[in-house]
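Scrolling down, you'll hit the structures one after another.
Common to both upcoming complexes is subunit A, partnered first by subunit B, then by subunit C.
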Partner chain A sequence: MRHILTIARREIESYFVSPIAYSVLTIFTFVSGLFFSNMIVYYIRQAVVADQQLERLGRSEFQLDVPTVVLQQFFQNEAFLLMFALPLLTMGLITDERRKGTLELLLTSPIRATELAVGKFAGAFGFLVVMALPLVPMFYFLAQGGDWEPGVVASGLLGLLLLGAAQIALGLFISSLCENILVSAIGTYGLLITLQFIDTTASATRSMWAEFLAYFSLYMRHVNLTRGLVSADDVVFFLSLVILGLFLTQRTIEAIRFKRT
Partner chain B sequence: MISVTNLSKKYGRFVAVDNLSFAVQQGEVLGFLGPNGAGKTTTMRMITGYLPPSAGRVTVGGNDLYDRPVEAKRLLGYLPENPPVYPEMTVRRYLRFVGALKDIPAGRLSAAVDLAIERTRLGEVANKRISKLSKGFKQRVGLAQAIVHEPPVLILDEPTSSLDPKQRSEVRELIAELKGRHTVLLSTHILPEVSEVADRVFIINRGKVMAVDTPEHLGERLRARDVVRLEVAVAGDAPSVAVRAALAALPGVTNVDASDTPAGTVRAELETPVGVDVRSAAAEAVVGRGWKLLALTGESVSLEAIFLALTADEAAAAAKEQG
Partner chain C sequence: MKKFLFLPGGLMIVAGLMWSAFALAWDTTATVLAGGGLLALAVAIAANWQHVRDWFRDPRGIFVINSILTTMLLVAVLGLVNGIASFRAAPDPRGADRPPRGTATAWGGLPAPGAPVPGNDDEPATVSTVADPTTLTRSTRER
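Now for the complex of A and B:
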């Protein structure tokens, strides 16, 4: 446990002196704020239109619960943003250690490959939590508007953390395979974008395989959580991806030592 | 402390380390000598558990690296060829990180880090970022991380390569201080280093052991000798024959080689056993015959020459094999 914490702590500290991590944090926060305010303005306009229709015609084509709709849209956009932000944070996790030669220190220390994998994961996940913190004032702002659903906020945040954790674990695995950080980032983008949209491939055909593929869609799994629906199989799905990513990373770290350096 | 049995490492058909066996006793400093690409780094990586061997066994302090890797690694301090540092960390923070990885109890961590900083004389840069340090200081940080947990066994891979002569002698002094506290396995391709600090030298080339002995014995066994070179001006016919006869008669001289130069002088080379000094006798013999002594130098054939001879023989043999 101490090894895991030691590795995680060093990873977080190195994020805070890394220009890459700072840029990711800054731009993620800025774009999140932009999406949030744009959506509020857009849906308030829609709500006003709906109100006017109600007055003139006695009926409205649509009814809007602004806070809930904004939250759903917001969390779906955030999932998309994370897909672009997190590979930049995971690309160097193992790749950098190989490049700097510090992997030699780690692997000749009395620690296990599993501790290394979990420590690295925990470090990146810690930074994800830091990235989520600036979102909290946005929800506070929304709450000032009156009716809102704390449950949707909670499940939306849970969804982001679960999705992010899965993305980090997969990025960590790709990082353990690569000796070049750009290749590591590109590989992770490829994997995450494929998993995100795999359901659209599946919906084009109707077959057992299509349904099977849709089962792995990050989007389909995550979208329920943005609606305030927390179901056990979605949670288990994300946690399984985390464990799979960590397991593959541990296997790769062991195997790195068998290759010519 | 370290025992290596029939260790081999193959990459495809290339054999990097070929059936190596040796043992390092507690408190001993073993020098690992060989040209670049001889298999030194590969061997050290197998002993530290970074690379798995293709065949053979390594035990450290009785712990087999395959069966009990964590126990074995706990006994090791390892400085790879390039110090494994995180440039963005300060020296102190980095050493605390390494100390925690090496299982120093939390209560003793600060004291251990302070001691390592003191022993490697890093006090003045302890709170600086490693990226700001010179190469010599970085190397000392590398040494500090290897000793921070006071490991019984130290493995140092070319600790002085890529340093300037001043930094090199500083690091060499530090290593000399480590003697006695740790069992040390040290690799280098710089010869004076080995004869200075090592109890035993291990010459390795192309993955095979060429010779193992103390630096002194190696010299004797491989016909180390002192050489005196003279240049003499002699009047008369066939001067080189006369010079050879005169010098060969000196006590202690085992071999004489003399030849005429285009300038009309004679160049001679005397060989004597190590420690026999015939310089003044040779000078007297020349001057006493009325010849003019133009130059006289003495030198001893060093480990370097022995090493070159050993590895050159091997290279020639390999070339023949392939041809």
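Now for the complex of A and C:
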């Protein structure tokens, strides 16, 4: 446990001396804010139209609960943003150690492969939590505007962290396979984009194989959490991806250690 | 040289899997590719039988087999846990606009279509006889 904490702390510290992490943090916060303000303006306009329709005609085709709709759309957009931001953070987790030659030191130290994998994961996850912190004032702003649902916010944040954790674990595994940072990033993008949109092709048909593929869709798993629905199977799915990613990383690190001894 | 016989078999199996993923079905092409790949692998193993036996006794081979078996075991356990979780959750199709049964709702569930929205104190909607609602609906959509 001590080793895991040391590696995680070192990883977070290394993020904050790297320009990539600051760029990711800045762009993620800026684009999130842009999405948030645009969505609020858009849905408030829609709600005004709906109210006018109701006032003039006595009926309205649609009814909008603005805070809930904004939150749902916002968390879905955040998931999309994370898919682009996280591979930039995970691409160097193991690959960078290889490039600098520090992996040799780690492999010959008394640190176990599991501790290394979990420590790296914990460091990247800690940075994800830091990335999520600037979102909190946005929810506070939303709360000032009227009725809002704290449960939806909590569920959305939980979903974002679970999705991010799964993406980090998979990115960590790809990073452990690659010796080049760029290849690691491209591999992670390829895997995450496939998993994110696998349901769009699978929904075209009703075959058993298509349904099996759709089961792995990150989007379909995450969308319930953005609605405020905390379903056990979605949580278990994301945790399973984390465990699988960490296990495969541990095996790859063991394989590297095995080759060099 | 004979060990390169493993390559076409492996590539054919991967191609078969990818084809089935894109075609969203195990059609004839995917089956032929995967089956042919398995056959090619079997031929490669038979041609390199002595090497394969040595490899299995080699610590590298033991490590790889060990890794494959433990990964398969983990995937099986995770699949089982996911299966149990899915079975206990929703029988509804995923992505339906209503909360699945057995699902904890953090905000009390979604309103049914047409039901009044909580917090909206407007009068309940009624059909207007004054104006043509279709016209305004269309113009609202265009906006």
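Here is the rule we go by: the second predicted complex is superposed on the first by the 256 of 261 C-alpha atoms of A that agree within 3 Å, B and C clash if a C-alpha of one lies under 4 Å from a C-alpha of the other, contacts with A are read in each partner's own complex, and residues count from 1 in each chain.
Criterion: contacts are C-beta pairs under 8 Å (C-beta built on N, C-alpha and C of every residue); 3 or more make two chains touch, one makes a residue touch a chain.
These figures come from a predicted structure and were not determined experimentally.
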Is the arrangement of subunit B and subunit C around the shared subunit A a clash or a fit after superposition? fit
Now for A:Gly101: first (subunit B), second (subunit C), both, or neither, which partner does it touch? first
Superposition-derived angle with apex at the Cα centre of subunit A and sides reaching subunit B and subunit C, degrees in steps of 10: 100
Classify the contacts of A:Arg257 with the two partner chains as first (subunit B alone), second (subunit C alone), both, or neither. first
Could you tell me if A:Leu64 is touching subunit B, subunit C, both of them or neither one (first, second, both, neither)? second
Between subunit C and subunit B, which one touches more residues of subunit A when both complexes sit on the common chain A? C
Touching partner for A:Leu191 - first (subunit B), second (subunit C), both, neither: neither
When the two structures are overlaid on chain A, which partner does A:Leu161 contact: first (subunit B), second (subunit C), both, or neither? neither
Once the structures are superposed on A, label A:Arg10 by its partner contacts, choosing first (subunit B), second (subunit C), both or neither. first
Which of subunit B and subunit C A:Ile44 touches, first, second, both or neither: neither
Nearest-approach distance, in Å, of subunit C Cα atoms to those of subunit B in the combined model: 8
Go through subunit A and flag every residue that touches subunit B in one model and subunit C in the other. 258
Taking the complex as given, what residues does subunit B use to touch subunit A? 11, 45, 48-52, 69-71, 73-74, 76, 78, 80, 82-89, 93, 97-98, 100-103, 106, 145
Inside the complex, what are the residues of subunit A that reach subunit C? 49, 51, 53-54, 56-61, 63-65, 68, 146-147, 149, 151-152, 154-155, 201-202, 204-205, 207, 209-210, 213-214, 220, 223-224, 227-233, 235-237, 240, 243-244, 247-248, 251, 254-255, 258
Given the complex with subunit A, which residues does subunit C contribute to the contact? 20-22, 24-26, 59-60, 63, 67, 70-71, 74-75, 78, 81-82, 85-86, 88-90, 94-95, 99-100, 102-108, 110-111, 116-120, 122-123, 125-128, 130-131, 133, 136-137, 140, 143
Where on subunit A does subunit B make contact in their complex? 2-3, 6-7, 10, 13-14, 17-18, 100-112, 257-258, 260-261
